[in-house]
Every structure is written in C-alpha cells, then in structure tokens.
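Each in structure tokens, the structures are laid out below.
Here come two complexes built around subunit A, the first alongside subunit B, the second alongside subunit C.
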Partner chain A sequence: MTAAERGFQFFNQILMVLLALICLVPLLHVLAISLSSSPAVMSNQVTFWPIGLNFNSYVKALENPTFLPALGLSAERTILSLAISLLVNCLAAYVLSKGGGRDGIAGYSGFVGFFIVAMLFNGGMIPTYLLVTNIGLYNTIWALVLPGAVNVFYLILIMNFFKALPKELEEAAFMDGANHWQVFARMFLPLSLPVLATVGLFMVVNDWNEWFMGSIYMKGDNVPLSTLLKSIISVPVVDASNANEVAKLNNRSIRAAQVLIGALPILLIYPVLQRFFTQGIVIGAVKE
Partner chain B sequence: MSNKVKAAVALLAVSVGVASLTACSSNNNNAQSSPDASSASSESPALNIVNGKIDHTVTITTVRGEDPTAKFKNGETYADNVHTRWAKDTLGVDMETLWTSPTGDGSYDTKLKLMLSSGDKLPDVFVSTQQATTNMFIESGKVMDVSEAFEKYASASWKAAVGESPTAWQPFMKDGKKYAIPVIRQNMGTQSPLWIRQDWLTKLNLQAPKTLDELEKVMDAFANQDPDGNGKKDTLALDFAMKDAFLGYPIGDSSWIFGMFGAIPERWYPGADGKLQYGSVQPGVKNALVKIKEWKDKGYVATDIALHDFNKVSENVAAGKVGILGGENWLMVYPGSLMLGSNPTAMYVPYALPTGEGGQKTLRTIGAPYTSAILISKDISDEALQAFFHYQNTMFSAYKSDDPFLFKGFQEGYDYVIKDGKADMSEQDIPGGKVSTMKYTLTGAASIYPSKTLATDIKIANGEALTGSDLASMATTGIIGVDATNPLEKITRQATVVAMGQKEADVPEYFLGPTTDTMSSRNELLKKMQMDTFTNIIYGKSSPDEFDSFVKKWKSSGGDDITKEVNEWYDSVKH
Partner chain C sequence: MDTVKAIKKKEKIVRRKDSWQLYLMLLPALALAFVFVYIPIGGIVMAFQEYKPYLGITGSKWVGWDQFRFMFEYPDSVQVFWNTLRIALLKLLFGTVSTLSFALLINEVRKKFLRSTVQTFVFLPHFLSWVVLGGIFLEILDPANGLVNEALKAMGFKPIFFLGENNWFVFTVVASDVWKEFGYGSIVFLAALAGINPALYEAAQLDGAGRWKQTLHITLPSIVPTIAVVLTLSISQVLNAGFDQIFNLYNPLVYGKGDIIDTFVYRIGLVDGNYSFSTAVGLFKSIVSLILILGAYRIAYKVADYKIF
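== the complex of A and B ==
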C-alpha cells in the first residue's frame, strides 16, 4: 500500500467512526436516560452513563396496559402491509412494465397518468378521512394498511426494475408454454429480489414509524405503537391538577425506555434485511 | 397524455365531490331528526329520579381527550372504569365514550375538528380545550345555546360556582347567547409569589426583599457569593422564561418583573381611560427591559435567557441553580420535589412581591378562571340533556354536603382507602397504587367552587381543623384531608395565602373574545416584531430607544386596528 492509500484508509476509517458515533450517540443518551433516576434526569446531569442505575422505567413502560397490545398491533400492521403492498405494487408494476403500443397494454398512458396524478395530488385530510370512515374501515387494522397500500413511488421503482430484465428470458418462457401468471411468479419475482428487498425495507420502516393514521383512524386504546409513543413523548401541560403526578412520573425516563423498546424491532430487523439487500444488489450487478 | 391527465383530474374531482355529498346527506339526516327531538322535548316531562338514580338508565354519548398524566388500574379505561360504573349504578347515567384521543400531542383537537368538518354526528356532550376549536363549533351552529338549559337544570351550587367568575362565560358567547359551559377552576394561586431559596438566604444571612432595591441586593449576593457553596460561579440569581413569549409560563413567570415597572406585556387590560390597552406597548415595558439588560450584564440572569422556556427553567430549578423566580403555587411540588431529590436541604419559600420602581404597586398576571368548555350537541335528546345536568349537579353536590365520603363509591380504593373511619391517602396503603379518579369524570377535572375550595385551602395552610363540610368540598378532587405523606402540598397552600395577600396586583386577561380580523392577519408579524425588539434591547444589540420606534411601528402595522376591535368586543360584553 502506498502512503497515499494508507492516508486515504486512515481518513476513511476516522470518517466512518465519526459517522457511526453520530448515529450511536443519541441512542446511548436515550439508553442512559432510561436507566437513570428521576432527579438526575430532570437536572440534566445524565449524558452517556446512567446516574442512579435502575430498571423501573422498563418495568413501568411494560406495565402500561396499552403498550403490549400496541406493539402487537404494530407488528400485525407491518406484516399485513408488507405482504399486501408488495403484492399489489408488483402486480401493477408487472402489467405497466409491458408498456404501451401494440405489444403492451391498452390505455397504458391513461394508467400511468392516473398513478402520477394520484402521486402528486391527494384529496387532503378531510376527504380521505371521510372515505376511510364511510367505507367502514374506522378503527380496524385495514384503515392502517389499505389507504397506503399502493405507493406510486415504489411502483415505479419496481416497474423500472422489471423493464430492465432481459426480454429474451420472458420470451423463452412464453415459448415453453408459460402464461403471464407463471412468468410473473416464477421468473420476475425471483429475479427481482434486490428491488423487492429494498422496497420491502422501506415499507417496514415506514409502517413501523408512521403515527398519524393511527391517531385519526383508530380509537385511543387501539393504536399502533408509533401513535402511542407519539402521545407519550409529547410533554404534558403541567398545572396544579397534575403537578404531583408529573413529579412522580419521572416521565423522561419512561419515555426513553418506551422509545428504545419501540425502536428495538427496527434495530434488529435492519442488519438482517440489509445484508440480504446488499447481497441482492451484488447478484443483480453480476447478472448484467 | 395531457387529455388523460385532465380526465384523471376530473375523475378525482368527481370522487371528492361525491364524498362531500355523502357528508352533506348525513348532515341532512341530522337536521331532519333534530326538529322532531326538540318538538318532543318541549313537552317531555322531567326525569323520574328515585333516590338520586334516574329510573331507566339514560345514555349520554361523549368523546374524551386522554390526559397524559391520568393512570388506570385493574384493566380499566376511559370508557369503562370505577367512575363510569358508579355513575351508571347510582345515578342512572350511562356515559358511552365513542372514542378517546391524546390531548398532549394535539390529536384530540385534530379529531374534534375532523368530526366537525366531516359531518359526523356530534356526541351529546364533550369538552373542548382549545379556544379556536371551541369557536369553530360555536360558529358551526351544531352546538346548542345552553343559556336556557343551564338556567333550568343546573343546581344552585353549580350556578353559584360558575357565577363567581362571570367573565368565564365571555369566550363562549355569541350575539348575547351562551354556547358552552365553562369548566371552572381555582385561579387563586395561578399568580406568582416571589419564590426564594430560603437555604441560600439563611446561609448568606439575608432578609427577603421588600423593595426593588433590596431585591437587587439579594440578587447580587445570590450571583456573586456562591450561595450553593460549590466554589463555582454557576448560580442564577433570577430565572424566568421568555422563549417565544413572555407570558403563559406557569413556572418562570415574568409578568411580575415587568409589573414592578407598571406594565404587563402581551396582555389586554384597562388603562386609565377604562379602555383596553395592549401591555407590550406601555412605557413601563421600556424601563423593565433596560433593567433586565442591566441584570444580565451583572450576571444575575443567564446569558442564554432568551432560550429559557418552562422546561429549561424547571431543569435549572431541579439542578438547584436558581435563587429567585416567579411561579404558580405548586412550584415546590414540581419541579421543587425533583430538586429535593438531589438536594434534600434545599427549599423555596413564597414571599410577597417587592414593591416596584419608585415604590409603586407591582402588577402580575393571574390565570383564567376556566380551563375548557363543555359543548352540548344541538341534537341531544331532552332525556340525555337532563341526565347530563343530573350528573353534573351531583358532582357539585359536594358543596352542600358535610359527608367527606360522599363519592366513596368511586374513590375508595383508588384515591384513598378508609382506615379507622378516616381517609388514608398514602401510596403504599392503596392496593394497586394510587390513581386520581377525578380525571375519569366527564369533564376530566374536579368540580370546583372557587371560594369554597379556597376557604378550605386557607384553613389547611393555617393548620386549622377541618369540618365535615370542608372535607366534603374537597371530595370531587379525591383528596380528602391533608395528605401527611406529602408535606409539599402544604407549601402549595401557603403560597396561595401569600399570593392572596396581594390580590390587588392581579391583572387578568380582559380580552376573551375570538381572534379579531386584524389579529388573524397581523398577530404573527406584530409578535415577531415585539420579540425581536425586546430581545435586542435585553442583549444590548439595540438601544432602549428602539422601543419607542417599535411602539410606533406596532400601532401603524395593525396595532391600532386591533385595539379598536378589541374594545368593540369589550364594549359588547361589559354591562
């Protein structure tokens, strides 16, 4: 290795360590707060090391009767949403990837126009709310899953990937007697793992963190974790009637604990999916 | 392609139209059903109440904001808990909660607005906490004019309680009619006494200040003589909050600082001519700003004071760094108790505010006498309306009873347990922990009769024995008697007594009407102008004379119009 290369390596590593620290430091701070005692937290003494170590906040967080159901609802929502969104987006992308003209589908540009308009403009909160409640989705898990099922941005990502697949493969399959369903399921899907992994990861992270739909479409005791966390994190207005409870609550520690528990699944799922996702990209690259 | 896009846009427009049509049609249904209901109501007889219970339970629908500090146990919820079961079993009032949503992040408010604009049927009775939202409902014409019903059905106690604060009705009035019932609270104690670290005074051998000059001497000692004895110059003689606004912080209130110079910024109150004037443009503010700059230069207040808000001040108090501050009567409960957690010998004691510049009377703000508004749907059945009043009247019956355990049906085992005929309120003795049932009530708050709760508070502060009716007057709060396990509660009441001694200093907000036209277009700009000017003067970036040009600019940029509109409103409500 030349001196220049060594220098590059050195700075590269320093940079990466700094980047890693930027990501890690806030988490460590939240962890330290979740494990510290109330006065220490309130007087802002806690940085990265717990002061007055205790696990009360975790016990309290898990004792909250809505916490575990909310966690379950979030998991259910994420899985359902992942399955349904991937399916409908892939199906639409397959059809649209055929393009217009004599070989493609009828009304191609109409469909594309429809999707693009839907992506750029939406009805706004009140019409959307009216629609969701009037078709009977209010306070059901489907209110969280169905309205966002078709995401045009992901659809275009997948469609472009499908378009890039060699046309010869598809033609060969048709020669062998396959129909569209078979081509879609046996060839396009397996060949598109990289893009499916990428889009899937986006979907999981987004569904896990999205809180607003939960707050307007669900009843208060039946909300996903992100909505529950949002309501817990927002600071209560302290007044004469609740000063006592707020003082006792040590709510910053409990909030920190709940945020960490809430972030845990994503923290665990990310490395696993990401490994798969980078692999996928490598495979895709080699194929070209 | 562009034709297709147009077609798609048209399609969307049509679908939106259809959605709003459905909304309209559901409105029509409501409108059709309401005349029937009201025509029936004029003839419908009073409810059949046997031993306080309505014969044939009546259901009233409601929605709830979730108080982030409310706790539940035994698997209870807002919809089904010891209080709702009590109301059903002993009063015959079945409260059906359609939905709940947290108040802390504004979700409750968003959902209320959605409910209104989407044309959903309103619940029979619900509470709105944000004035702007309340106004939306009042404007919508979907909530009832409560004047007549309140006159007809409210009990003498409830009427008297609300009657103590006639201005509490003002925000909810339109064309002389009352469209919501204010939820009254105790506002004596929301104004600042001078909270001083007693341990610091003692250590430095100082007396509590009675004048502005004495106050400066104490501040000098607190800033420079190392009152906390840690050998570092890290104490703040004075702390107050001014981030985004000077007023509205329950801890770190700054109104009294300006009040020592005869003005209160950001408030409308009558001037010498009896007309409402805006505090921020009064000459006293200039002198106060000059003084604050001087204090900052001398190191009495933090160098980053412009960034202090409620949380920052609370943090500084908890860290034991603050010598003097203004704050509501519960300062020692929060954040004071957190300070005690790391420094058990620390203590704030409430003192009367010092006299102002040239010995003049000091002014300060006092909180509004109400917290929120009870709105009643126009479509409520007469039965449900009477049931609601029966429920509320029962809550207010505490003020004519001498039985402290009036409501024990829902409080025992939650707020307290009864031991040897007395209420035991210590956390350890209550199975499953202590929870506050007053948050389960329909209004989410205790039913307050200000003068009666105040009288009891004063008795407790003075250590006098409480009679049965005193205890009963506290029953709706669930705190029956003096909680010996929490000595800080007593300091709260002592602070109320200190604050009461200076009642003449209290300046409430006089303008309680809806946002005026000029306000909605100009307030943002005027507020920014004010914050910039004031901050620059405090930080020495512009000369104090900048204040005079601010006043001129304020008046010409809409301030004069706003003053006119505010006074028009004021003339319309003052009789």
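== the complex of A and C ==
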C-alpha cells in the first residue's frame, strides 16, 4: 500500500465513522433530553448525556390515559396486518410463480395485468376514504388492516424468490401425492425464510409507523400510537417570545420520551432482522 | 419411452384437475385488490362532478371538465405544482449523489467490523417514521433552544428558523430526506459493486493502475447500468415530494414553498371538504405519474434490461 492509499484509508474511515454518528446523534440527543431533569433541559445544558438522570418523563408519558390503549391498538394492528398480509401475498405469489404454462393457471397474463394496474393506479385519497366509510369499516381495526393488505411490490419480491426454488423439489412432492396447499405450506414457506423475514420486516415497520390511515379512519382517542404521536408533536411552531414558552419547555422531556417509546419496537426488531433484509432485497431485485 | 410419456400424460391430467386450488389461493388477493383498489378507481368520476356527500355519486351534479379548468386557473395549485417539482428534483439530485458517493466510499473500507457497524447505523433512520423523526427534528431545530441553533449561536451565527421560513424549509426537507435515506439507498449500489468480477481489478493492478484509476475505469463503468435504472425509476417519482415528511414538518408559515400536491389534496379535500376539486387534482397527478412510470420502465428495460415481472 502506498502512502497516499494509507492516507485515503485513514481519512475515509474517519469520514465513515462521522457519517454513522450523524445518523445517531439526533436520537442520542432526544434520549438524553428524555432522561434529564426539567431545569437542566430548560437551561439548554443537555447535549448527549443526561443531566440529573431520572425516568419521570417516561412515567408521565405512560400515565397519559390515551397512551397505553394506543400502544395496544398499534400492536394489535401490526400483528393482524402481518399475518393477513403475509399469507395473502404469499398465496398469490405461489400461484403467479408458476406462470401460465402447464403448471400454472389459465388466464395468467390477465391476472398479472390486474395486479400491475392495482400497483400503478388507485382512486386517490377521497374515493378510498368514501369506500372505507361506506362499507362500515370506519373506526374499526379492519380499516387499518385490509386496505393495504395486498401489496404488489412485496408480491413480486416473494414471487421472484419462489421462482428461483428448484423445480425438481416440487415435482417430487407432487409425485408423492402432495397437493398445492401442502407444497406451499411445507416446502415453499420454509425454504423462503430470508425473503419472508425481509418482507415481514417491511410490513411490521410500515404498519407500526403508519399514522395517516389512523388519523382519517379512526375516531377520537381510538387511534394507533403513531397517530397519537402525530397529534402530540404537531404543536404549532411558536416564537421564542411567546408567554407559553415555559410550559412548552417543561413538556420537552415528556415529548422526547413519547417519541422514543413510539420508536422503541423498531429499534428492538431492527438489529435482529437487519442481516436478512440486505440479502432479501438483493435477491428480490436481481433477476435472472 | 412409452412409460415416461404415460406418466407425463397422467401428471398433466392430475395438474389440470387440481388447478382449482390455485384459483382458490389467488382469490383473497384478487378480492382485496378489487375492493380496495378497483372500486375506488370508479370513484374518480367525482372529479367530473360537483360532489355533495348527501347526494352521493349517483345524485351529484355533472360538471365535466370544470374542476380541471379551475385547477389550472387557481394560482395556489400552480404554485403547489412548482413546489412539488422543486422539492422532488432537489431530493433526487442530492439523494442520488450522496447515496452513490457513500456506496463507493464504504466499499473501500477494508475493515469488516467497521464496515458493518457503520452500515447498521446509517440504515437505521430509514426505518424510523416521519412522525418520530418529526418529533426529533422539531426538538433539535427549534429556533429558541434547539441543539442545532445552540451550536450555531456558540459559533457566533444567528439562529435559523429552519421550519418556519420558506427557503430554509425547503433546505431542511431536502437535507433531512438525504440524511434519512442515503444509507439505505446505498444497498442497491453495494449489491452492484459486489457483483463486479474481481479478475478485472487483478488485471488492472498488473497493469499498474492504482485504486483511483481502478475506481474510474472499472468500478464506475461497471455500475452505470444500476445508476441508470435507479435514476430512471426515480424520475417516475417527481410528483411525489414526500407527503409523510412534509406533513410532519410543515406549518402555515411555510405553505408558500412547502405545500406540495399531496398535502394540498389533503387540505382541500378532507379539511375543507371540497371532495371533487381534490379528486381532480389527485387524478391529474396520478395520470402524469402513470405516464412517467410507464416511460421510465420502458427506458430502464431498454438501457439495462430491467423488468419487474
């Protein structure tokens, strides 16, 4: 290695560490604020390390009577949505992965067209909103689960993975008298764990983070956590001279705690599934 | 030979008989997509009506192209169109440059542990919602006592009202989007870099090419198809400036340059209750987007053989 290359390596590594820190610093700052005492926060002493360490703002956040039910609704919605969405998309992907030939279904290209149109076009916000309310889903958990259950992008990802599985395996299973359901459940699903983990991670993240449907389809306090958070953080931007400033300052720690509780599930599952998704995306994106 | 044929024939008969199972497996996806995508598509006739909720789609007055004419004459919607284009193009430009540069630089890091640690942290913001990040940015960008302005003051600068001043708002939206996505977006480039034949580098080394020359003559040309695909596909997104992000960051102070088509459709439609006008604006956006998407896929297929099905 030449001196120039060593120099490049050195500065490049420093740059990379800096970039990683830039991605982390906003989170660390908010974490420090959530754990600091009110006077320290009010006098802007807190940067990345809590001053006057305490957990009061977390206790206060959880004492809020709407917070825990919202957390529960989010969990229910995420689990229900993951189960339904994964099953529906995998089933369709299994069928479409067989193509239109001898192994597949008649009218294959018609079905493909049907899903592509569904991916590229939609009625827009107002017609969809009117439909969901008209069929009686308003203020039920199904309004949060069903409208987005079919996701053609995930369907394609799973389908491409299914297509890559060796054909001989399923031929052998059919020879042994298995039917499609058995091949799907006992062979395709277990062999597709990397892509299922990837798509599952995307689904969980999307459903946990999604707040907009919660805000238009749910009523009053019966909202998922992300929607509740949205209403908590969207305090109008005020000028420094405002008289309410002191009251707002006191709330900074609580708001920080609420935001971090909202992000917690993502922060917890992310490291576990991280190794899958790079792999999964590459498999899904690269075609033969 | 005959037995093989006989088995194949028998298998064929069995397959045809049980293909009803395949249709049954496809049914849930078909039904859900039909109800939640296709039926609302029928609802776009509202764009050609003066829709009144108590009259419904069948009873509301038919006004033809009036909503669209109104849209092109209404100064706000013209402004909103340019805002959308400005924010989306700035994001596309800075996003692609930052993502590609990061991919090339992280790819040069030889220490495996450092590499994967850095990647873990830079991918993370992608998975946090704009609601959570909105909360975080409101805190650190606060004009009176946010971290960023404290730092600016300490360095002798005037505090900046990042989320309350039109031009700074556009800057903040673009910068925070770059911050959130540069790491995650690099995955597709890293995959392309990993696919380059190592023999090319060995040959170049024998010819006396240093790392810089190798980057210029091997690495970059090898990932041009991937860059082309990423760019063409993102062109189809130029009317999506990021509803989620802007909705979580903006306020009436920055409607001037911060209001985009999607936030406009929301305010006019669901807040002001002007369903027909909002649907017309949304429909206009969908049709332009659809044309862009089809064009982009066609180009991506031509330049890089990219196809989705």
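Rule of thumb we're sticking to: the second predicted complex is superposed on the first by the 223 of 288 C-alpha atoms of A that agree within 3 Å, B and C clash if a C-alpha of one lies under 4 Å from a C-alpha of the other, contacts with A are read in each partner's own complex, and residues count from 1 in each chain.
The working rule: a contact is a pair of C-beta atoms (placed from the backbone, for glycine too) under 8 Å apart; a residue touches a chain by one contact, two chains touch by 3 or more.
What you see is a predicted model; the values in this text were computed from it and never measured.
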item	value
Subunit B versus subunit C as contact partner of A:Tyr94, first or second or both or neither	second
First, second, both or neither for A:Lys230, with subunit B first and subunit C second	both
Contacts of A:Pro65 with subunit B and subunit C, given as first, second, both or neither	first
Subunit B versus subunit C as contact partner of A:Leu189, first or second or both or neither	neither
Which of subunit B and subunit C A:Gly110 touches, first, second, both or neither	first
First, second, both or neither for A:Asn179, with subunit B first and subunit C second	second
First (subunit B), second (subunit C), both or neither touched by A:Gln13	second
Greater subunit A contact set [subunit C / subunit B]	C
Which of subunit B and subunit C A:Tyr129 touches, first, second, both or neither	both
Which of subunit B and subunit C A:Thr47 touches, first, second, both or neither	second
Common ground on subunit A, meaning residues reached by subunit C in one complex and by subunit B in the other	44, 114, 116, 118, 121, 123, 125-127, 129-131, 216, 230, 232-237, 239-240, 245, 249
Subunit A - residues contacting subunit C, complex	2, 4-5, 8-9, 12-13, 15-17, 19-24, 26-27, 29-30, 33, 44, 47, 87-89, 91-92, 94-96, 98, 102-106, 111-112, 114-116, 118, 120-132, 135, 146-150, 152, 155-156, 174-175, 179-181, 184, 205, 208-212, 216, 226, 229-230, 232-237, 239-240, 245, 249, 252, 255-256, 258-259, 262-263, 266-267, 270-271, 274, 278, 281-282, 285-287
For the subunit A and subunit B complex, residues of the former touching the latter	37-40, 42-45, 65, 109-110, 113-114, 116-118, 121, 123, 125-127, 129-131, 133-134, 139, 215-216, 219-221, 227, 230-247, 249, 251
Contact set on subunit B toward subunit A in their complex	1, 4-5, 7-9, 11-12, 15-16, 19-20, 22-23, 64, 66-69, 71-72, 75, 77-79, 99-102, 104-107, 110-111, 114, 117-118, 120, 185-186, 189-190, 250-251, 310-311, 314-315, 318-320, 328-330, 333-335, 337-342, 436, 438, 445-446, 486, 489, 492
Of all residues in subunit C, those that touch subunit A in their complex	11-12, 14-15, 18-19, 21-23, 25-26, 28-30, 32-33, 35-44, 46, 102, 105-106, 108-111, 114-115, 117-118, 120-125, 127-140, 143-145, 147, 150, 163-164, 179, 183, 187-188, 190-191, 210-211, 243-244, 247-248, 251, 253, 265-266, 269-270, 275, 278-279, 282-283, 286, 290, 293-294, 306-309
